[in-house]
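Shared between the two complexes below is subunit A, which pairs with subunit B and subunit C, respectively.
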Partner chain A sequence: MKRHTSCVLPVSLSLAILSLPLAASPGEPTAEELLRRYDQVMSPKTFDALMTMTAHRQDGSERSYKFRALKSEDDKIRTWFFEPAAAKGQEMLRVGDNMWVYMPNLKRAMRLASRESFQGGDFNNGDVLRVNYVADYTAKRETAEDPKLWLLDLTAKSKEAAYDRIKLWLSKDKQQPAKAEYYAASGKLLRSAVFEDVKNFHGHERPSHITMRNELATKRWSEMTMLDMKLDIAIPAQRFVLDDLGR
Partner chain B sequence: MLPSLVRIAVRNVTRNRRRSVITFSAIFLALGVMVGIRGFLNGMQATLRESIILGQTGALQIHRKGFMKAVTTSSLDLLVPTDEAFLQKIRGVPGIQAVTARIAFGGMVNANDTSAVAMLSAIDPKNEILVCPRRLDMISSGKTLAEGGSSAAILTPELADSLGVHVGKQATILTNDRDGVMNALDIDYVGVYGQPGLPMPDKKFGFVPLAFAQDLLRIPNMASEIAVRIERFDEAETFKPRLQAAVGPEYEVVTWHDVASFIDDAIAAQNATLNLIGAIFLFVALLGIANTMLMSVLERTREIGTMMSVGVRRRQILSLFLLEAGILGLLGGILGAAAGSAFVFYYGYKGIVLKFPGMLAPLHIYPTVTVGYILFVLGLAAGGAVLSALWPAVRASQMRPVEALAAV
Partner chain C sequence: MCRRLLIALASLLSIWGNAERSACAQESLDDLDKAKSGASGDSKRATAEVNGYVDNRLQYGHVNPSTTPLPTRDVPSITEILEANIQLKVNITPKLSIYTDISLIYQNGWLFYQSDGNGGREQVADHDVASIRPLVVPSELYLSYAPKPWLNFLLGKKRIIWGSGFAFNPTDLINPPKDPTDPNFQRAGAWVARIELPFEKFTITALFTPQVLYQNSGIPFALMKYPDYPLVDGTKPADDSYHYLLAARLYFLLFNSDVNLFYYFSNKYNDLLENASRFGASFSRYFFTDYELHIEALFQFGSSRLYADHLCAAASLCNFGSAISASKVRDGTLYPRLVVGGRTQFRDESLLSIEYYYQADGYSDQEFEDYLRVAYRALQLTGGTGLVTGSSGQSGLPQRFTFDPLRRHYLIVSYNKPRIKEDWTIGATLIAGLTDLSGTISPSVSWSVREWLTLSLFGFIPIRGIPVGQVTVNDVAISEYSLLPIDFRFLFEARAFY
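== the complex of A and B ==
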């Protein structure tokens, strides 16, 4: 047994060393750098944002939601819903791996799972409340067909991540997210997203419009629009405590 | 002439009693087993059908057009109205005994800061048990929805255990309403559905009152399914066009054949097995007849020669042997079928109670058999007997009198 390991270890080590230079050519960003860049663009350290989400349904009708999202320095996110009337007063909170929704009619919060649909649309709860790809995924650089794009292959580190696997494209010029494909562990394509309309929000540039297509029910798709995003604001830690929901 | 031929045939059958009794017993056993098993299977198939129709589906169902083809049955896009005017249209069809509405939906059930994904079924507590009275058999302890109040819930033990709730405690259902907006309401866990380890379509499953679900899903006066009860389930197909005419083309009417097609499949598979077993039994018995008749022909060669020499026609010789076989087959068959029918009628009256381990309500099986089936198997036995005696009889009829008389 001992002889066995002593034999395998040098082989795997040398393989690892051999594969290292393939990860990035000199001067090009590494997979980790691009992933960090994605987080920095899409989910800056702290923010106070106003967004709308529109879900386009199978029957051709659509439902729109308006909500505020707040992120703390230690990666906690809280949202408040304003529209439609049926969702008014609902709040969500994520602390670490835990997610809750506060229901105003029950005056109580309940657990949510990150892979469940966000208000019945095609984004999931993790897409909105859990944007920390550096923490949730291991990234590998791949060659994109489009020479203007970087391609990352992301694999989830835990079951709590929003997806099992993501293919993420970033533009080479501004290093802004361009598109993404989201896969199940089985390799089945679940959703695909397009990031568009880069805007400057108080000095922070990011795509203001994301279209999320449902690849399982192809007549369904959802849009997320960033109306406003303020950065580097001081938010009391009290806002990210479960007991504060509904207050 | 024919009556005397029959008399001779009967006498010939009783000449070698031991051999006749053995042949007769084989036919008797074959027919007895065929009728007995058929009766038992009929009873079991009726019980299976009833347990599904009176326990889950109802005889017919009405959905919004396209519902049966939809990918998920928990879709809230295709709904039927449950207002009094619409239900009255259905009740107005002659022969409809009861009408009930249901909603199938999915949700998260939360308690003790844990949650579980569950399939839920919303039923009208009062009318559901008129359409599907066997539902009550599945409640292993606690109260029914009708006794439990407006936010009562009956949950499977798997679901309750995963949340750590006991009967009498509260939990919350969180789900998306028809528009996709989240909504949540508290439930009172009042009853236990089924028992752990029992086969169930969904392990995490629960029942709530219809009005509760209409509130939660924000679909007042709507449901995903309407089920009806009729007196005789085999008439379901004849109700289909009448119900369709009553509700209009925006809706689709299906029978239990459509929603529980596995019943028909299971019955067809059982019947095929029975037919095979019956065929084997009958074949062995008929081989016995062929053997008996062949022996008879060989033994009675000189007798045949004598008959022929006194002017009995070849056709009559043939008929005589066929008649002998027919009498054996028919007599054995009648008595066998009578014995089988006696078993069927006795247990059909008394009922057979089967209690499987882990099953809440024991199965009551009432065997029945139709006159048509009895006549069919009798015809099969008599016809088969005649057919299997054909070769020995032809042999006998084609003997040459001189040679037959000289045979040892």
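== the complex of A and C ==
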């Protein structure tokens, strides 16, 4: 019995040590720093951006949306859709945990949930309108198989976050997001993303192309392409007010 | 004259050209801003954005005159509606803009039936019906001026909806009613003068709207007060009152909830209430991440609903001039109207909305029975003309279905499931009167053939109800929705966006 215990203990200890979050070595970024870096890259303090989202469906066809997004200093986001014609005039707004969509045919705004699909594609509303990982997730560092990448394990702080758990990889050289996996509370893999084609937008470097795969319907995937992005934009606070939608 | 026409045409073409450029592919924000302000990129130049659609609706309804005390002579079995819509926004300066949402509508109807007097129906020759003539509907046409980010003036016709109800808004006293089987359908607004002060956490709005008393081709020619003279068709002024509504609204975002408080003061605005004050409130919030809950309520004293005189209805002989009247218009009783509902989207992206609607001034069983007795007797005495004539269809777009509840308790359930097969969506809306368990069910299937083209098929099937809560008139058990003059109706719609 004693001998048995002495054999098991080192193995358990090794497993426990392996499962512990990695402490950052001197000179290496901490989990919190990497998370802040992700937010800085993907959702700078203020921006004005032009994007397209293309949803590839199971039958091989695709639907494309073009929209402009504005972000205010206090983390509010508003979007305007230009294409396709059927979506023209639609607008979205996020203020804190609140999201609304303005439907031009309805002539009114309606509330949206963060986890609802963004325009029927494989991104959800939170992926586009709520990129504030520092506020929404707690992060711990883990060991990545690829030595060129950092790995973060993110756990949602509240149900308002877009996902319950995220595994996020960032490149060590430029500290740019490389890929991500998005999980449900049950541990089921919902979606996976690849961040590619880092471009310089008026002095700001970020991946210009994100591919989001739906792991529940594997023949479906969506692409988000950043066409242009400007930072340090001054925008009146009233652009981020519910009653301004549709004006 | 010719020169002016040419200049106007050239201006329109110039605006159209700018709009077309803005619709073309832009790959940068500068491209987008240039396209919006013309190729020169001159931000002081007027810019325009245009979009719209062409929509064709072909409808067949099986008319059954024996189910209703209302005349069916003017209800066509086949209806064709062709709508060309343009939505044009011209930004004259960054602070001043004009917006129009105008539909040109050709419509016609064929195959009319009326009661043959023996429980059956007989065909009536095709004839002119005012409500299915071609028309122009300026759903919105307004000038908006924002001298400061926190101050906005608006003058013109606009659909303004403040309440949180999804299928039905009891606090919406301003606009033409919408179709609860398709809340996207009614876009027509009211002529208003509005001042709005939007701040970060709250918005204050004050609004004045005069009632449109006469209009032609969608353009009003008598607002607020009837002219002193009769119209050319002999229509005499109904009264010499001022018909208007004043509204004030306070919106605030509080604890992640949309909260609205309303005050309305009206005089004979779309109803018979004189110098009436009404109060309202609405609330909307997401709970447990995915479940939206909303409440919308209106409180008013008196009701302009028409009630039948009980003694008159029960008597064998009656003066129909006074048999039905707004007898509760000045009774001082508080009549609340309330919608409580919720909405959620499931993991498969299907959307479920459930709403309960209560109106305190709806008919009780006795009031409903009295109303029907008088209505049926009027139909017999007038040889089919009855007490009520069809709506003019001038207040907005021709509707697939109008929700005009008579009783007190209703349930509205709608379910929509997109992508049953990529671009195919199915849905159904149930409107149920809870007093007599009658209602309508409206199944639908839509196919987005292209990004710019949607084909849809809608059905409308009355549920006559079960023998609970029905009233009996002339030995016939009647529920509210058994009064609909159709056994079923199907509508095929093709809509192309541009």
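The definition used in the following text is that the second predicted complex is superposed on the first by the 225 of 247 C-alpha atoms of A that agree within 3 Å, B and C clash if a C-alpha of one lies under 4 Å from a C-alpha of the other, contacts with A are read in each partner's own complex, and residues count from 1 in each chain.
We take it that contacts are C-beta pairs under 8 Å (C-beta built on N, C-alpha and C of every residue); 3 or more make two chains touch, one makes a residue touch a chain.
Every value quoted in this text rests on a predicted model; they were computed, and no experiment measured them.
S.K.: In the superposed model on subunit A, is it clash or fit for subunit B and subunit C?
M.R.: They clash: once the shared chain is superposed, the two partners overlap in space.
S.K.: Quick one: classify A:A55 as touching subunit B (first), subunit C (second), both or neither.
M.R.: A:A55 sits against subunit B, while subunit C stays out of touch.
S.K.: Scan A:L227 for contacts with subunit B and subunit C and give back first, second, both or neither.
M.R.: Second partner only.
S.K.: Just to be sure I read the superposition right, which of the two partners does A:R63 touch: subunit B = first, subunit C = second, or both, or neither?
M.R.: Both partners, subunit B and subunit C.
S.K.: So, A:A86: does it touch subunit B (first), subunit C (second), both, or neither?
M.R.: both
S.K.: What is the contact status of A:G120 with respect to subunit B (first) and subunit C (second): first, second, both, or neither?
M.R.: both
S.K.: Please name the chain, subunit B or subunit C, that touches the greater number of residues in subunit A.
M.R.: C
S.K.: First (subunit B), second (subunit C), both or neither: which does A:A237 touch?
M.R.: In the superposition, A:A237 touches subunit C alone.
S.K.: What is the contact status of A:K107 with respect to subunit B (first) and subunit C (second): first, second, both, or neither?
M.R.: A:K107 sits against subunit C, while subunit B stays out of touch.
S.K.: For subunit A, which residues lie in the overlap of the subunit B contacts and the subunit C contacts?
M.R.: 57-59, 63, 84, 86, 103, 105-106, 108, 110-111, 113, 116-117, 120
S.K.: Would you tell me which residues of subunit A are touching subunit B in their complex?
M.R.: Per the stated touch rule, the residues are 55, 57-59, 63, 65, 84, 86-87, 90, 101, 103, 105-106, 108, 110-113, 116-117, 119-121, 217.
S.K.: Hey, which residues of subunit A end up touching subunit C in the complex?
M.R.: 48-50, 57-59, 61, 63-64, 66, 68, 82-86, 88-89, 95-98, 103-108, 110-111, 113-117, 120, 159-160, 227-228, 230, 236-244, 247
S.K.: Please output the residues of subunit C touching subunit A within their complex, sorted ascending.
M.R.: Result: residues 22-23, 25-30, 32, 51, 53, 87, 140, 144, 146, 149-150, 152, 158-161, 166, 183-185, 187, 189, 196, 198-200, 203, 205, 251, 253, 256, 258, 284-286, 288-290, 292, 344-345, 349, 418-419, 421-423, 448, 451-452, 454, 497-498 of subunit C touch subunit A.
S.K.: With touch defined as at the start, can you tell me which subunit B residues reach subunit A in the complex?
M.R.: 71, 77, 108, 110, 113-115, 172, 174, 176-177, 179-186, 218
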